[in-house]
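Got some structures for you, see below.
Here come two complexes built around chain A, the first alongside chain B, the second alongside chain C.
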Partner chain A sequence: MPFVIVPTLSLRAGLLMSAFLAAATIPSAVLASLVGRKIPPLFSLPFYGAVSTGCVLLLRLCVSGQALLLEDLGVYVPLAAFNGMMLELALVHPRRRASDALHDAVMMCFGFLLVAAFLSALREFLGSGSLWGVPLTAPIRIRGLVLPFSGFILIGFLSALFRRVDSIIIGRMLRASRRTAKQGGDAV
Partner chain B sequence: MNLIVSMLAVLVSSAVIENLLFARAIGADHILRQTRSYRFIIEFGLGAAVISGVTVMPLWWLSQTFGRESWWNYARSMAAVLLIAVVSLLLTIAMAAAGRIQRPMRLVDQGAVYSASLAIVLLSLTAKMAFLPSVLYCFGASAGLAAAMILVHAGRERLELCVLPRSFEGLPITMIYIGILSLAIYGLIGHQLPT
Partner chain C sequence: MKLRTQNPPHIRSRESNLTMMTDIVIATLPLYAMAVYYYGTRALLLGGFGVIVSSLADGACQLLAGKIPNIRDLSGAVTGLLIPLLLPASAGYSMILLAALFGIAVAKQPFGGMGQNIFNPAAAGTAFAMICWPKSAFAYPIPFERLPAMVDDTVRLVSSPAYSLSLGGTPNIDLLDMLLGNVPGPMGGTNILVLLTCLIFLIVRKTVGLAMPAAFLGGASLVALLTPRVDAPALTAVAYELMSGLLVIGAVFLINDPVTSPKRTLPKIFYGFGTGALSVAFRHIGRYEESFLFALLVMNATVWIIDVWGEHLAHAMRRKNREFKTNPPVSEPAEQDVGAAQK
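Right after this comes the complex of A and B.
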């Protein structure tokens, strides 16, 4: 949650944060499915923490040219090693097969990427008046969008919107299936 | 007198002005998904305070020694993770030996304590303070985080009794509540919204 609220102030930062989360989550999830049962519970958190921190630092070394962006992400880069997706897939519910772990980790990271990209693009466009660092003319400027509290509020409204859309889709599917069942009953 | 005032300033700054939850959203996912009781929040805060307070001591010395080396930026995070793991394991063993553990903490809760401790330690080191303020920063930040979590948990309990649109129940309304609290604290400190 903190990774999508505070550091997503520009589209570049949002995408880089997603990459760090993927670097922390995917190897740990796959490793947990392969060797998870051999590690005692007392040592599992330090083990996966060290593995995911190593992967995050390796990625940080690869993108060390983006010094300003890394400075903006600050403490969230090392913290990405202990993100909720990694804890879920490596510790709480490790998958039995490596392919399942890989699939779930990639899909979770992709979901995060979508939300982070949307939110960071919105905040950069309306808050800073640019997109991917290119100055643009925004219809309105809401400079408060770059502050942390707006991240909380935006996520709250976005979450409510998705729930509403979800309930509408499920409601329509239920109505359609009832209609089909009724037509089938009439035909019989 | 000056020393006491500066120490108090560090404590207040870390607990209120740079509150981990309201200013940095650290601990937000845990408060939304895992928190069950006030007792748990206090244990969480105490755990983070002890682990980060002890971990920052050797790390502060290492930062003073190797701080100018370019590789230290990378090694610092790994050293912090490993030291937190050692301190946490020692704390667990000591508490088990003293008979203070009724049931072991869930892995997801341990992960949250690790994450909060890591954030506190790294922020304390990034601020480049002297030794004592660095340790005090850890205690202040942990206390501030626990206080913020109590505030949010109390708010959640009241929000659950309110009649809300179904889409806003649970996570969305809690996020908006934290956002409004964060905005209030942002204003209370004396910031002005950008114009």
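Right after this comes the complex of A and C.
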């Protein structure tokens, strides 16, 4: 959660953070499914650490021109590498097929990207009065949104919203299945 | 013998949420009257706007939570009335709107609504508004300058005595003027005499007690006495500290919130003293010239542990009292005159 809240004060920072997390997570997940079972437990920590760190460093070299953005992300870039490593270490049974592992990792990173993009866009637009660095006239400027506690509050409201939407969808599905079961019973 | 059945509760008190909130609403009316006297009808517009936004937000949040909206308990209205009093009379409507929405939708309803909130909604909302608009929240109009309904750049805004104190200077204002409210400051926070009258009214009505406000002002005075910020006699420095900012209005309306304060008397005293001391301490190290709201929110978060401590203390005292009654100390028998007894 700190990854999606603290450094995502602008849309560009949010997307870059998502890219770093994807760089740390996806290769580690695929490698874990391919060779994870063959690596002795003693060597899994350095192995996953090397893979995550290497991928993050590679991406950092590619975006080394964005010095200001990288400065905004600060310590969260190496933390992204650490996160990728810990995620694979926590998986007791990695996926047997590389395609499943890739699917899992991509969907996880995509979910992070969606939340990070939404949060960072909202905080940049309403908090800083710009979007993607382009100054815009927001209907109201809420400078408190750039503070971390506002990010936590926004995440809380987003979670509540998704739970509400989820419960509505599940409720409709339950009602539909009950209707179907009732019709089937009537037919019998 | 004729038995009559009756539905509970069998012991009824005249006091209820509605009566308490009504008392607080009545207590804010003199402050609004003084604000209208100093700044014009804009004060009333801000108060009315705050009440409408808070009440609607309260009802909407209750609807979203699947409850039947109950805005007749006036808790939302009290929040809406208090927020403009904590801000300048020149505060924008967007500031009041955001403060009310934050106080109700973030600090009150997610925790369960009326009676279950941890943080004081008015304090939380106003603190958030101060963070979002630090320049507007601490720039005050001059008393007796009538403000238009929509404030623009032509309105002259100045700093308050609290700002002078934060810079280490002595405010160039007479203490009597500070007592009467003839100083730039929060809309409801400058009229010290009226505030003290409101406190007396609330105490007489038994809506609030004396313990917490007294402990609060005592704690604030002690820290102000030990660490004066002005080069003046000790009592003068304390008077400047107490009469500037939101300390007195906080002592009357915010610290006495029955939901966010402890339940027993000794914990209340501890809580009040701690809040007062922390408020003045924050003035020394805080970023803003007025830090009472942040100190209050910090102490709100500790009320649960203060209550636990208070219960343990109450049980220990009851145990000691029971032991004392069942085994009272026996006094040593007087020396008997053996010779007299034998005779």
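By definition in this document, the second predicted complex is superposed on the first by the 179 of 188 C-alpha atoms of A that agree within 3 Å, B and C clash if a C-alpha of one lies under 4 Å from a C-alpha of the other, contacts with A are read in each partner's own complex, and residues count from 1 in each chain.
Here, a contact is a pair of C-beta atoms (placed from the backbone, for glycine too) under 8 Å apart; a residue touches a chain by one contact, two chains touch by 3 or more.
Since the structure is predicted, the reported quantities are computational estimates derived from the model, not experimental observations.
Contacts of A:Ile140 after superposition on the shared chain: chain C is touched, whereas chain B is not.
Taking chain B and chain C in turn and counting the residues of chain A each one touches, the greater count comes from B. In the superposed pair of complexes, A:Leu34 makes contact with neither chain B nor chain C. Within the superposed three-chain model, A:Gly156 lies in touch with chain B and with chain C [touch as defined at top]. Of the two partner chains, neither chain B nor chain C is touched by A:Leu174. In the superposition on chain A, A:Pro148 makes contact with chain B only, while chain C stays out of contact range. Common to the chain B and chain C interfaces on chain A are residues 143-144, 147, 153, 156.
Looking at the complex, you find that chain C touches chain A at residues 94, 98, 106, 110, 128, 131-134. Residues of chain A that touch chain C in their complex: 140-145, 147, 153, 156.
Those residues of chain A whose C-beta lies close enough to touch chain B in the complex are 1-2, 5-6, 41-42, 44-46, 49-50, 53-54, 56-57, 60-61, 74-75, 77-79, 81-82, 84, 87-88, 91-92, 143-144, 146-153, 155-157, 159-161, 163-164, 167. Interface residues of chain B facing chain A in the complex, by the touch rule stated above, are 22-29, 32-33, 74, 77-78, 80-82, 85, 88-89, 92, 107-108, 110-111, 114-115, 118-119, 122-123, 126, 165-168, 171-176, 178-180, 182-183, 186, 193-195.
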